[in-house]
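Each of the next two complexes has chain A plus one other chain: chain B in the first, chain C in the second.
Moving on, here comes the complex of A and B:
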């Protein structure tokens, strides 16, 4: 792993408490996400990792009544400030979900979907965008001769890379990945991990994963989250360079979790 | 998601290191005694016994490799595996030094004037054995203070080694001056081997500090510096 000299902070989560209605899901979360890095969030189920992810593109707002105390910024701009355009925010911060969820359309139309919504309609421009996105997602070679076939005919791993291409097509700055490989076989998982390695040259990636070895392999920074007991809010126990977290974590709880002396 | 069989494997590894430690203590004790007493039979038993130490070292190495390949150890488990591998190697080398001492014990002729040298070798041996015992204790108890104290305990051994070399080069009196080159070489080598035993233990001590604290030579082991 290369030496970390501290890239610019892309996303800053500052002293955030977060509530679903009256339930406090997160307490006092502060994380600085560096640009052009892969940052992983690990921790047991229900510890709030995915909630932290969704704070960053305000996706939790589609799930009902939520409340946030504290501050989340993207390039130093408060994303919860009044007047922030959530649609624009979500085009800057894309998300890849646990299960590949391509639209029941052609491969081409899946990738062109976002750009078309943004009003980019010329065929030649869309052709360029589709090719570039599929190349970045390391899928181009496999699909270039069948762009008009249904996305649903692709394998699971190809579908997930298609979803990455669909996200890339709207040119986001940050990509959130919520367990992106949990439905994939080891080969497809390796392809996604290789893709992440290339993508971080141009994007900032935050990944939530249950697979600690995956976090160790792909990320430069790792955050470990935990809830003390059911019903308690999730907290960030430790955050630091991945190589340090996996060789000499500072906190006992982190050590117990990653070495399997937990639960 | 506790990993019982993995942690049982680590426990077993830890016990094998301690078993190897006691074999090595015995080898050093017997080989230096053989040297001081001129006991050839005892020297032979040390030489024969080294096979067990070597075999244990290979076993430990194999276990470390298998656990790393199959269990993806991290944090203190990773540090333990790494430390066991290196401690095992240090112990194996100490075993080899005991063999070297035993071989000299078989060949060393007692001559007039050898007594002051034998006296120094006796003191060096006792001190080296003490350092070795403490080093193994420090590993067993994960005692970083004890591990750090090894370096200080090693100093008188280095001094005695230098004294022996100095006296061989600049003999005092006729008896010492009359010593054969062969005899002088044996004494020089024996003292060198005894001195090296303690050095190996001091290096081992640094590993114990790393195991417990993640520090190497008193500094935070900044893994970022050693990446790709």
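Moving on, here comes the complex of A and C:
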């Protein structure tokens, strides 16, 4: 088992209870996420993995009435404190969605979207940002000669890497990935996983995945989540180094899940 | 008869009746167009289109009415499309869905059902008299603008809602504000639907008679309108007067006026449809 020499804590979720309207979706979640690591969240459908992800960029607030008890910090700053600028928060914590969702614009305009929001308009500066982001997302070679064609002409895997490039162009510190490969074939999945391997040198990555092999392959830390029954809140059963979770978990439920006995 | 055979017969019957119903809805339009073309095309001389009315409108042209309707349509669009689109943006992108939005939507739905003569009287009371605009293009345009607002809002709302939620999420997750998301992602992808609403509004505005009767339209004017505060002639009202108010009016003028009104609406609609097609070509998801 590889030893992990604890990096600095980037995001800290502290005893969080979370509600959609009156429905308690999460109970007593505490996770420390180290910087420059890939942290995976696994668990059966509906256990609240994606909700945990969205706590960190407050994207759940877009969907409706929500309430949070507890504390979530980014670099020790409470991101739910009054006066926190959600827009700034989201430019520091990017998100890759389950289904690739490029805008119906050109490849270039997709990547330049974020920097343009921040008022960076000069063509040469944008050219540099776009190229760098596409290279980081391992898409540059495939698209460098057709930057002005529509992003929708790309394959699903390319679209997802474009979405990664689009997020990288904003220069976030943390990247949230919500089952980023669930709509992709194995080859495209492999490419995304390779990309993540490189990205963690500069970014902190949190990935939600249904695919346990994927979690085992890409992550240093894994959290296993579970709900007892539908209507119950999701709970974090176990969190630790991926190698430990997958070889000698402390909890019976974790072992049952990773050995495929349910879920 | 086997069960399958019976279903096939039903299928045929359904097909026939559904087709008939569709044909029935198209028939009046076709009949009206053919009728107008046959009876009215003889009147369409250059003088009829560009001249002033003469001899108590019994000869000469209908240019002032064409121009008046043109101005009214422009004025209506200038008022209703921005206000309607902004209202739709508020309702779909900003407002918390709840009792307030339900009430507003109910009000809009009811607005669409108010008879146009009521709008005419409302315009007379508010714009012409209370706001002292007088019977004028401005008062008429505003009245028509309010009349077509429900059409514009409903079409714009549908267009905005048709933009996939995932686009909004992507934009917000990149650190865009709600307004940036609306302006850079939602609006560009719903523009063709908003133009559809505009087209419908134009059709209503150009053909509306009762709403302009008290607010702008003049029976006859010796001069063309010179400012937004001028009274103006307008095609639908002109058609009404030449058909019912002037004895001994030549048939050709009545049919010709009706045909011109139809063609004008068609022209506006076509232009808007072309613009829409241009935007739509770019949209694929």
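As a working rule, the second predicted complex is superposed on the first by the 259 of 263 C-alpha atoms of A that agree within 3 Å, B and C clash if a C-alpha of one lies under 4 Å from a C-alpha of the other, contacts with A are read in each partner's own complex, and residues count from 1 in each chain.
The rule we apply is simple: contacts are C-beta pairs under 8 Å (C-beta built on N, C-alpha and C of every residue); 3 or more make two chains touch, one makes a residue touch a chain.
Everything numeric in this text was worked out from a predicted model, so none of it was measured.
Enquirer: Quick one: chain B and chain C on chain A, clash or fit?
Expert: By the criteria stated at the top, chain C and chain B fit after superposition, with no clash.
Enquirer: Touching A:219, do we find chain B (first), chain C (second), both, or neither?
Expert: neither
Enquirer: So in the superposed three-chain picture, is A:189 touching just chain B, just chain C, both, or none of them (first/second/both/neither)?
Expert: neither
Enquirer: Who does A:209 touch here: chain B (first), chain C (second), both, or neither?
Expert: neither
Enquirer: Kindly classify A:152 by the partners it touches after superposition: chain B alone (first), chain C alone (second), both, or neither?
Expert: Touch partner of A:152: chain C, not chain B.
Enquirer: With both complexes superposed on chain A, which partner does A:88 reach: first (chain B), second (chain C), both or neither?
Expert: In the superposed model, A:88 contacts chain C only, not chain B.
Enquirer: In the superposed arrangement, which partner chain does A:248 touch: chain B (first), chain C (second), both, or neither?
Expert: first
Enquirer: Once both structures are overlaid, what angle do chain B and chain C make about chain A, taking C-alpha centres and a multiple of 10 degrees?
Expert: Between chain B and chain C, as viewed from chain A: 150 degrees.
Enquirer: Could you grab the smallest C-alpha gap between chain B and chain C in the overlay, to the nearest Å?
Expert: Nearest C-alpha atoms of the two chains are 30 Å apart.
Enquirer: Report the residues of chain A in contact with chain B in the complex, numbered from low to high.
Expert: 1-4, 212-213, 216, 241, 243-244, 246-249, 254-255, 258-263
Enquirer: If you look only at chain C, which of its residues touch chain A in the complex?
Expert: 164, 166-177, 180, 184-185, 189, 282-285
Enquirer: Considering the complex alone, what residue numbers of chain B touch chain A?
Expert: Interface residues on the chain B side: 1-3, 6-7, 72-79, 213-214, 221, 223-225, 227-228.
Enquirer: List the residues on chain A that touch chain C in their complex, please.
Expert: My answer: residues 57, 59, 62, 87-88, 90-91, 94-95, 97, 99, 101-104, 113-114, 117-118, 150, 152, 163, 166-167, 170.
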